[in-house]
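Heads up, the thing below is written out as structure tokens.
Naming follows writing order (A, B, C and D), and every chain is counted from residue 1.
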Amino acid sequence: MAVVHFSTDQRQHTGGTPEVTIDAANVRDLVRQLSERYPSLNAHLVETSSTAVAIDGEIIPDPWLEELFETSEVHLVRPLAGG
Amino acid sequence: MSRTHVTCEVNGDAVDFLTEDGESLLNALRDELGLIGAKEGCGTGDCGACSVIMDGRLQCACLIFAPEADGASITTCEGLASADELHPLQQCFLEGAALQCGICTPGFLIAAKALLDENPDPTETEVRYALAGNLCRCTGYDKIVRSVLEAAVQIRTPA
Amino acid sequence: MSTTEAPADTGTNGNGASGYRWVGTRPVRHDGLDKVAGKARYAADLNLPGMLYGHILRSPHPHARIVSIDTSAAEAMPGVKAVVTGADFPEAPPKGATRNLMCTVIARDTVLYSGHAVAAVAASTRREAKAAAEAIEVTYELLPHVLNISDAMADDAPVLHDNLFTRGVEPRPTEPSNIAARTVYERGDVEQGFAEADIVIEREFSTQAVHQGYIEPHACVVDCDQEGKAVIWASSQGHFMVRSSTATVLGWDTSRIKVIPAEIGGGFGGKTTIYIEPVAALLSTKAGRPVKIVMSREDVFRATGPAPGAIIKMKVGARNDGTITTAKAWLAYENGAFQGIAAMLGCMCVVSAYTLDHLYVEGFDVVLNRPVNVAYRAPSAPAAAFAMDSVVDEIAERVGMDPIDLRLHNCPSQGDPTPYGPKWPMIGLRECLEAIRDSDHYQSDLPAGQGRGVATGFWFNIGEASSATVNLNENGTATVITGSPDIGGSRASMALMAAEELGIDPHSIQPVVGDTEVVGFTDVTEGSRATFATGMAVVEACRDLKEQLRKRAAKTWDCDVEEVEWVDGSAVHGPGEQEPLTLAAITGNAKRTGGPLGATASLNARGAGPAFSVQVADVSVDQETGRVTVERYTTAQDAGTAIHPSYVEGQMQGGVVQGIGWALNEEYIYSDDGNLENPGFLDYRIPVASDLPMIETCIVEVPNPSHPYGVRGVGEVGIVPPLPVMANAIADATGVRIGDLPLSPPRVLAALTAAES
Amino acid sequence: MKYAAPTTIDEARALLAADGDAIVFAGATDVVPQMRGGRPEPSMVVDLKKIDRLMSVSLDGDTWSVGAAVPTSVLTADAVFTADFPGLSEAAGLIGSDQIQNRCSLGGNLCNASPAADSVPALVVNDAIAVIAGGGGERRVPVAEVVTGPGQTSLAHDEIVVCFELARPAAGTSDAYLRLIPRTEMDIAVVGAGVRLTLDGDGAVSAATVALGAVAPTVVRVPAAEAALAGSSLDDAALAAAAAAASDACNPIDDKRGTIDYRRQVAGVLTRRAAGIAADRIRTRNGQQGDS
């Protein structure tokens, strides 16, 4: 169980839904379920080539097998780059 | 391709090398003599990374045609330390963390030596203006200026 | 929190902060002697037997179709051993990051900026290579070009890529454009926020492209053999990146490539990508000889990543008590010739130093006929902070509040939402604001005729993958091998953390940056991550070693390992029946107790701590010439924990001065025909020593709970505040606010003159 | 490309006469960057630094002779020369870094023919004469007549500037040079202003010369500014009139270093300030002489 919060961009693909609760063991499972529920969001996720997530405030790149818990708050973000 | 034979003194050693006339002294030092301390940051005299002292004058080796060095006496960064001791400037740069990436460091050390040879007790402002021909992009100059001032004190008052 | 003003302790006797023995001390860096003696080897310093020199021919046009390339004259010239063009490289996919990388290294059908690589020559001497490259005949069909954001976003703009459709707009556009992506972050209701405000300030800002300005031009030596293997000596922020990127561009398997990191002469983000390595590799393969390519300074400016210019429109509302009720931002960032993420990052950063119930941030990534933009220290954040912190300063003035107090009043803390969604972890913005407020500088009276400005800066910091191997030597010393190129003293930090863990002197530790075949995969030194993430791997490996050392002691003493503690570099028998065994005693005996001792750790670092900086400057402005002089400058920055305070201060000071350069005089100047007019250090004016005062530092330490020593990473955020600091200080000195950078003498004087009339 | 280092002027001229593509250099501080920037390599570079006369500075009676190839750092370090021409010495000390000033020369700065050359306005206000060796022997030409346009001089291919002659300043005379650059060092002048004044015993200006750099294709003498200063007591009105005249005399361009408006505006400011500095120098010297 995790609460996924959608950004304004992403809400274009969720019919305006700002957040959704999903029963997923890890991020890969979460993304798979999101893609089924919101097919165009899938395109969005794939198009960005890799997606980072923030879980409980911590931005995690390459997060696919990251475990999720009932209280996890998830934001889908794009990977960052730095100097 | 004809090459010119150049004989000079570098860091106290009599040396000679062959060079194309249009080559810079910087490339001759680096490629023919293996003295890699002087760096090319711009090739146009704007960054000071290639600073050397030739015949008592601080100059950019990138602006010197290699044949000009014939008969000259040249000091590079490699000539600063003695066998068992670093030059006070080198020691102060190390202890004062006056270098980050280090690419500009040899040029700064030579420019600072030229300054202290002429003016053993410079003010901060004099140090800053004397080093204005040497670009550093890492440090913001703060620790370089402090280290040069500290080295000046040490040179004036040997332990 | 602790503050540090001037380096006091430069010894290695152990006087660390926060109860550490070594962490927080200032030993001489391990690679220092080679660097002051002129012995350190950078990529351009390497010469191999039989080595050739490569020279790259670049486009003189900003946008053109390559009709034909005739290399026959070049091939016939003396000393020429190999010539390559885009046709010699694998075909690029139609779009995406791989195409962008491949087409940046060498143009295929189209050149997209003046300076775009078109062909290359390897010859026996530099001069022969240059002459031959200039003899290559390229026929171009000129195409219309766009050089600035407004032109590129116009409906009738010439389009760079006919398969680029704006991402982030639904429904997806049917026509291609130069707008690569749109990003939106939104919370609450901005109109309600404006309704709640007593004052609303609306301003427009612009910044120009600036270069990272590292003093070492890009350089590499590549030696390809007859078995198809390549050894690359590279100047880069990440040699594993060089390996994978070179393999991608050449269509090679990575196992064909070994990359040896040379010392790197500065990067600041600019060396997080490649330009020349695949070209040298192909030339070397063709010639059967090693090839060196060193960029000229002009090529560095014309063809390597500047940081983007931007246009930002801000509308901010506030109540008379200083509460910022809402912010609305519109941002457009140059991306260079290929799509990037500059505007997205700008959107994430623009209001991050403030708590807002209502916000709407919209950003556009725009491609145009300039070189691809590349990360530069906290990419995109400086322009964003320039806009927001200029407006915030105006609000403080309007409501009659001290600018630090106003920022404290609106300061986010742990658990508050970030503008881009997630909640803030533990952050030190408040502590940085207080450090500046309490500083001698801020408490001092402003000298007559000067102006004072303050501003904040935010940067994420990032984690990523790192590996470290720590080997204990028989004499009790240790070798620490990591995969992070040392760009500003990180080897010393690695040694300090290993010293703290193992309990031995940092100078008993040799830190080494290993090549791609001796150490595990490590991401680029970027995002302020080396001391944070690679340091974490070093600590993990050392902790593994401490376990092994305890086991060896237990074996030696024939006791239970639980009875052995590791204290101050020695195994101590808990019950006290044995004399302690020093690390050297254990390693000296290691072969007889089970073999040599070593450990490796590889990890994805989690929990990079966000970084904040607050800065204050006093300036004087020559009202008749518009020249600005920085009289005094102080910066406070949250380091988490300063492992080597001297190099933390160095990062802070260096970032500040780069920011001052960006604010005052640095800019890319293009002629109408699309050529860069100032591709050299004479007219691209980075600050010189006489332009500056000392940069006073307050290291703030709000430890990052996700790092064993609390490290946040300090490399980047320092460059963010100087842009608004300078603008705010000039406004304080003159009463005139300027929204366009750089604040060069002509621009300042024009603004003063306009304000007078 | 060949390098030659003749030791006599005749030898140098013979090399030039034999090779229409050969060029002379002293410090190469302009020549090398130009070649890096795409200027074709000449067939020969003739180094003038081995010719004694071009490398010597001498004071003969009331006339200074400054070798055309003398590094400008030699001039700035020469206390007597600097006391006579503080403005010219300052201008010579503004050309690039210490590294550059140890190579660059007044001859090179003039013959490179950049509109922004720092030493030229300072030479012009001091009525410097260029001594030029050519086919018919030596000719003596006012410095202001050597440069004809950006990169262009009135010298024939085989002519060489040998030295500059400067009369020692008369009593009550001094000069000043100011330039505007965005940084504190290492830039090319956006505007340069040289002023020489002579004050009479009452502190009134009995003679004034004003020359501007970087505001027109060549250095500009500003007779209107000179007229405004002459006869005045350097009161605000006279200084303002001189500043306005200087601004009016500008014929600048918009380029990467500055705008037309900016150059006009600042030319006036620098002229006014330089006049003030020159006057202060005269008063200080008079004061010192009065004390002694």
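The rule we apply is simple: contacts are C-beta pairs under 8 Å (C-beta built on N, C-alpha and C of every residue); 3 or more make two chains touch, one makes a residue touch a chain.
Note that the coordinates shown come from a computational prediction; the quantities given were computed from them, not determined experimentally.
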*asked:* Of the chains shown, whose Cα centre falls closest to the middle of all protein Cα atoms?
replied: C
*Rounded to the nearest whole Å, what is the centre-to-centre distance of subunit A and subunit B, using the mean of the C-alpha atoms as each centre?*
55
*Just give me the whole-number Å value for how far the CA centre of subunit A lies from that of subunit C.*
27
*How many angstrom between the C-alpha centroids of subunit D and subunit C?*
43
*asked:* Give me the residue numbers in subunit B that touch at least two other chains, ranges are fine.
replied: 20, 22, 43-44, 46, 129, 132-134
*Residues of subunit C that touch two or more other chains: which are they?*
212, 267-268, 296, 680-682, 687-688, 690
*Could you say which residues in subunit D touch two or more other chains, in rising order?*
33, 36-37, 184-186
*All pairs of touching chains, please: list them by chain label.*
A-C, B-C, B-D, C-D
*Residues of subunit A that touch subunit C when the two form their complex*: 5, 7-9, 12-13, 40, 47, 49, 54, 56-62, 73, 75, 77-78, 80-83
*In their shared complex, at which residues does subunit C touch subunit A?*
96-97, 167-168, 170, 182-186, 212, 267-270, 272, 341, 344-345, 375-379, 418, 420-425, 459-465, 526-529, 604, 606-608, 706, 715-716
_Contact footprint of subunit C on subunit B as seen in their complex_ = 1, 20, 22-23, 27, 30-31, 35-44, 46-47, 49, 76-78, 80-81, 86, 90, 93-97, 99-106, 109, 124-125, 127-129, 131-146
*Within their complex, state which residues of subunit B touch subunit D.*
4, 20-22, 24, 43-46, 48, 51, 57-60, 62-65, 67-68, 70, 111, 114-115, 129-130, 132-134
_If we count contacts the way the header does, which residues on subunit C are in touch with subunit D in the complex?_
296, 298, 624-627, 664-665, 669, 677-678, 680-683, 685, 687-688, 690-691, 744-746, 749-750, 753
